[in-house]
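In order of appearance the chains are A, B, C and D, and numbering begins at 1 in each one.
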Amino acid sequence: MKRLLIFGLLSLFLLPLGAQTINVTDVPWDDGKALDFHWDFPKQPDSLWLCLQDAQANNTRIEIPLSKAGTQRIGELSPGETYSFLLKAYWGDERERFAAIASPKAAWFYLHKWLFLLLLLVICGAILGYIFAAKQGKDFFIRRINGLDSMEEAIGRATEKGKPILYVPGIGDLDDIETIASLTILSHLAQRCAEYNTDLIVPCRFSMVLSASREVVREAYQKAGRLDAYKQENIFYLTDDQFGYVAGIDGIMLREEPAANFFLGSFYAESLILAETGFSTGAIQTAGTAQAHQLPFFVVSCDYTLIGEDLFAASAYLSRDPQQLGSLKGHDFGKLLVILLILIGVILEIAGITWLKDLITGALA
Amino acid sequence: MLSFMQSISPMLSSFMQIFGIWLSALFTLSIFSFLYKDNPFYKFAEQVFVGLSAAYWLVYIIHSILIPNLFAKLIGDFGGNAILLIPAALGLMMLLRLHPNTQWLSRYPMAIMIGTTAAISLLRYLKSDILFQVTATMINPLGGETTGEIVGNFLLILGTVCGVFFFYYSKKQEGIYKVPSKIGIWFLMISFGATFGYTVMARVSLLIGRLEFLLRDWLKII
Amino acid sequence: MKRNTPLIFAFIVGMLVILAEFIPHRPFGELTSTLENWFMIISGFAILLGQISLIRVNSHIIYHKESNWQYHLAGMISFFLMLIFGILWGMQESIGLLGHGERISQAIGMKPFDYLFEYAYMPLSSTVFSLLAFFIASAAYRAFIIRGFESNLLMITAVIVIIGRSSFGSMLTASLPEAYRFWHIPRLADFLMEYPNTAAQRAILISAGLGIVGSSLRIILGIERSYLGGDK
Amino acid sequence: MKLSARTERQIIYTLLIIAVGLPLVFPIGWKTEVSGYTEMAYKLIEETPAGNVVLISFDYDPSTITELQPMAEALIEHAFKKNHRIVATALWPMGVQMAEKAFQEICAAYPNKVYGEDYVNLGYKVGGMVSIQAMGRNLKEVYPVDSKGTHYDELPILQNIKRLKDFAWIASLSSGVPGLKEWVMVAHDTYGIPVTGGCTAISAPGFFAYVNEQKQLTGILGGLKSASEYESLIDRKGTATSKMDAQSIAHLLILVFIAAGNLKVYLSRRRKRNA
């Protein structure tokens, strides 16, 4: 404590002397852990020696470049604590000492991130705005998803041939949003199946998915007024095991030869086994997943593929659920914003103006 | 007895090593037997795998999370770490999910975990997968050094913009709007082709690894 | 009440994390840091929960002698064997309840836990996915048939990449003159990966990223609550 | 001649085994060419000054050992050659054992490297992205002890390491979630540390979008081929290179299958048309 006092007094005494030569400032808009140390001598010194003392009187030597004038940022400090600086400068035999006191302050906002915050608020605001508008009953337009065209074709073919339709809701459990989206589509398909009196087979991997699927299909048959045609035993549990599940479905495809297969939900390594077997039985195949790695296998061996977001869009399109619909519109707003930003950015870059890109990159630092 | 144990120890150890390799080979072939059809060997190997994997996770969760980050801290300096009783209690509430009557209590730790993950994902995805990708696409296509790079840069910009437009659902894809969407799907197809090629590479690699084990460690052909 | 209070918790922690991203001042950074450490401990218990329910499901199957119960019994035996080994003698350099078990390790060459890992877990884990090499080969023959323009685009790219990522590809076009180097197959494959592929992947990242932002936002604000499960 | 689907499949499987097995028994020794992204990763490590502490995260399990283990070994060897000091972590529990194996393998050739001074295995932590973020604030809170139970403060290598920012580069070997993506998002995009890494070939195309002007990723190794490229860059006779022959032959075989399949369909269509 005593040492600190002496150091402090010394600094006070020397302060007026060094005021114009050295200067310590707080780094603005930061977490209060850094100070900027500036120095400016009339002539080039031969050597410089800077020492920093914290409130507990611990001294740390700080390396600074040997130059006539400069600024050194000192980090890793504690916010609010007072730090004393002592700089010794040598010109041959001549020596001078300068001292300064400063304390770093924590700000209430990272100013450089303002654009990041603004974009966050704009995108989130758009999503929320659309959700609330949808909940108020506003009906938004969503284009028809191409992959869904298969539904009518599939039902038509199945009715004509008198064969069932196979629907696989993916290998995800009920906490997976892809499975949820898949069940929405299943509900729609089941209703059409009920209307045309076509059998619908739904093998499930998890018991939770099983009960949800039964619920969904039963409801759909009820809506179509054909509850009598609903066959609970067609919606069944196969096994929890990933490959065992696929082997089971393979067996069904070879035995029953469904007229149409639907693989919608989350799929992993098993996608290609399913798609291959289905392809070889000649069924009309529709697949959809958000797992980008698996899409190639579906694209080559299925007639229709819902790619990534398509799966969720299809679910929103069919269910008209305000939450899904509003969200999707919000995302669309974001996509438009992204496209616009990219196009403006590219034009500016070609013109040699890097202002916009620097602005966004700066906000992300 | 002890000296007897010691004297056979090297023999036992080399026996155990050979036994281990045979065990590995047995398990490897059992899994491969699925290629013929689903059979008892495969089912057995599969369940052993599930069991071992679960035990491994359990042991490591206890050893590397619960002991050092919770129990050791609480035992070492209870006063200083008493606040850790809160996550410990929340963790125990998580386990109450197993019983239907106490299941509702697990919603609190769940809400905290999901809330934290959601907020972190929101920030990170917005930054890394959206905004950084936007600035990475803001390039001067003419800035490339070779013709290949210039063409590539144009494709990069075109593909990104059209690809994003492909996932735009608020407009019917008719007339002029059909064009970017079509281009977008072409780019997606090229990318899927690349993924396809890479997947072939990955799966073949894994097979090479297993065959190498069978040929080198087990049969000692190589 | 049972349903809404957790939603408030999710809201508070979510907002805290978001605010801490923009506010450098105390106490946001410290609070978030504490929250992150708690998160780790709670996740530890969550994984524990997973393993316990696995035991529950399996013992149910074994007790009621449901189909294939014998295999589940084998699974449970291996589970407990590995667990007990791990707890008693630890693994690798970590110590267990009974110390390092030097005598046993000497007899079998390594710790029992590591032995099971090396000779049972490793081969099982690495073989399961190598099965897919066979499936890919048969799919290549039976399903990858040239059809429309779009799937052709996919197939052509795939073929270039498959050749380009083998040693064979570089030999095939090694003799091309310098002016045509662009068409050298490994280069062509790299070009496809670096530009068109990157463009498409970027589009996927952006649109999927927006989806994640949307669902995260709905969770934080309590609009999306399906993760809490049914009301019971 | 008409073959049943089952026979066809059996022929395909057998051919594949032969195509992969033969080159393993009789190696050919084809050379590979180094691609740009592998070189980028190599340069990052090559140009980092000696003495720096670096972090390698083992985010995989034995199922992808053939692809990722050679990368791990090559990265460790390269870092040792450049006298970087390595801190190993794992976001997957099995990663701890993978790290141990890799160090064992490389330390045999570098007997003077001391545990605790030149390298350390911190072990596994749950939580993925959240844990990485916590490491960014305070590494010791996340890792009070290493995988052997030694306290953080007793490990000389960690003396000047307080948080992620103190590492010169970070590499993640990743076969899924959590893994490289989380490291990019937090370690690079939030804390600004150069991140590189290796992944299985399946996820490689998805990571290419991060290799850009912003250097979200500084190069990437995707699959066995990149591993063998890296081995050739550091002059290492590693396991990836020896497997590339088998890989190349199998690739050719798959192409033959695609061609044969298409030919078959074409012929049967023509026959139908003629009939």
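As a working rule, contacts are C-beta pairs under 8 Å (C-beta built on N, C-alpha and C of every residue); 3 or more make two chains touch, one makes a residue touch a chain.
Since this is a predicted model, take the numbers as computed values, not measurements.
Colleague: Chains shared as neighbours by subunit B and subunit C?
Modeller: A, D
Colleague: Tell me which chains count as touching both subunit B and subunit D.
Modeller: Of all the chains present, those in contact with both subunit B and subunit D are A, C.
Colleague: In terms of CA centroid distance, which chain is the most far removed from subunit B?
Modeller: Centroid comparison gives A as the farthest chain from subunit B.
Colleague: Sort out for me whether C-D or A-C is joined by the greater number of C-beta contact pairs.
Modeller: When the contacts at A-C and C-D are counted, C-D has more.
Colleague: What's the distance between the Cα centroids of subunit A and subunit B, rounded to whole Å?
Modeller: Subunit A and subunit B have C-alpha centres separated by 17 Å.
Colleague: Please compute the C-alpha centroid of subunit A, do the same for subunit D, then give the distance between them in whole Å.
Modeller: 24
Colleague: Please output the residue numbers of subunit D that touch at least 2 other chains, ranges allowed.
Modeller: Counting only residues that touch two or more other chains, subunit D contributes 5, 13, 16, 20, 63-66, 94, 96, 125-126, 130, 133, 142, 147, 149, 189, 201-202, 205-206, 209, 212, 214, 223, 225, 247, 250-251, 254.
Colleague: Would you give the residues of subunit A that are in contact with at least 2 other chains, written as numbers and ranges?
Modeller: Touching at least two other chains: 116, 123, 243, 280, 292-293, 296-297, 299-300, 308-309, 334-335, 338, 361, 364.
Colleague: Among the residues of subunit C, which are close enough to touch at least two other chains?
Modeller: Residues 21, 29, 36-37, 39-40, 43-44, 47, 91, 94, 117, 121-122, 125-126, 128-129, 131-136, 138, 140, 142-145, 150-151, 154-155, 158-159, 162, 165, 193-194, 197-198, 201-202, 204-208, 210, 213, 215, 217, 227 of subunit C touch two or more partner chains.
Colleague: Does the chain-touch network form a line, ring, star, complete graph or other?
Modeller: complete
Colleague: Give the list of subunit D residues in touch with subunit C in this complex.
Modeller: Spelled out, the residues of subunit D in touch with subunit C are 5, 8-9, 12-13, 15-16, 20, 30-33, 35-37, 61-66, 94, 96-97, 100, 125-127, 130-131, 133-134, 137-138, 141-142, 147-149, 201, 205-206, 208-209, 211-212, 223, 225, 244-245, 247-248, 250-255, 257-258, 260-262, 265.
Colleague: How about subunit A: which of its residues touch subunit D in the complex?
Modeller: Residues 280, 292-293, 361, 364-365 of subunit A touch subunit D in their complex.
Colleague: Can you list the residues on subunit A that touch subunit B in the complex?
Modeller: The contact residues of subunit A facing subunit B are 116, 119-120, 123, 140-143, 145, 241, 243-244, 247, 292-293, 295-297, 299-300, 307-310, 313, 317, 328-329, 332, 334-336, 338-339, 341-343, 345-346, 348-350, 352, 356-357, 360-361, 363-364.
Colleague: Where on subunit A is subunit C touching in the complex?
Modeller: Touch list, subunit A to subunit C: 29-32, 79, 106-110, 113, 116-117, 123-124, 127-128, 131, 175, 177, 180, 243, 269, 272-273, 275-276, 279-280, 290, 292, 296-297, 299-301, 308-309, 312, 323, 327, 330-331, 334-335, 338.
Colleague: In their complex, what parts of subunit C are in touch with subunit D?
Modeller: The contact residues of subunit C facing subunit D are 29, 33, 36-37, 39-40, 43-44, 47, 91-95, 114, 117, 121-122, 125-126, 128-129, 133-134, 136-138, 140-146, 155, 159, 162-163, 165-168, 170-171, 186, 190, 193-194, 197-198, 201-202, 204-205.
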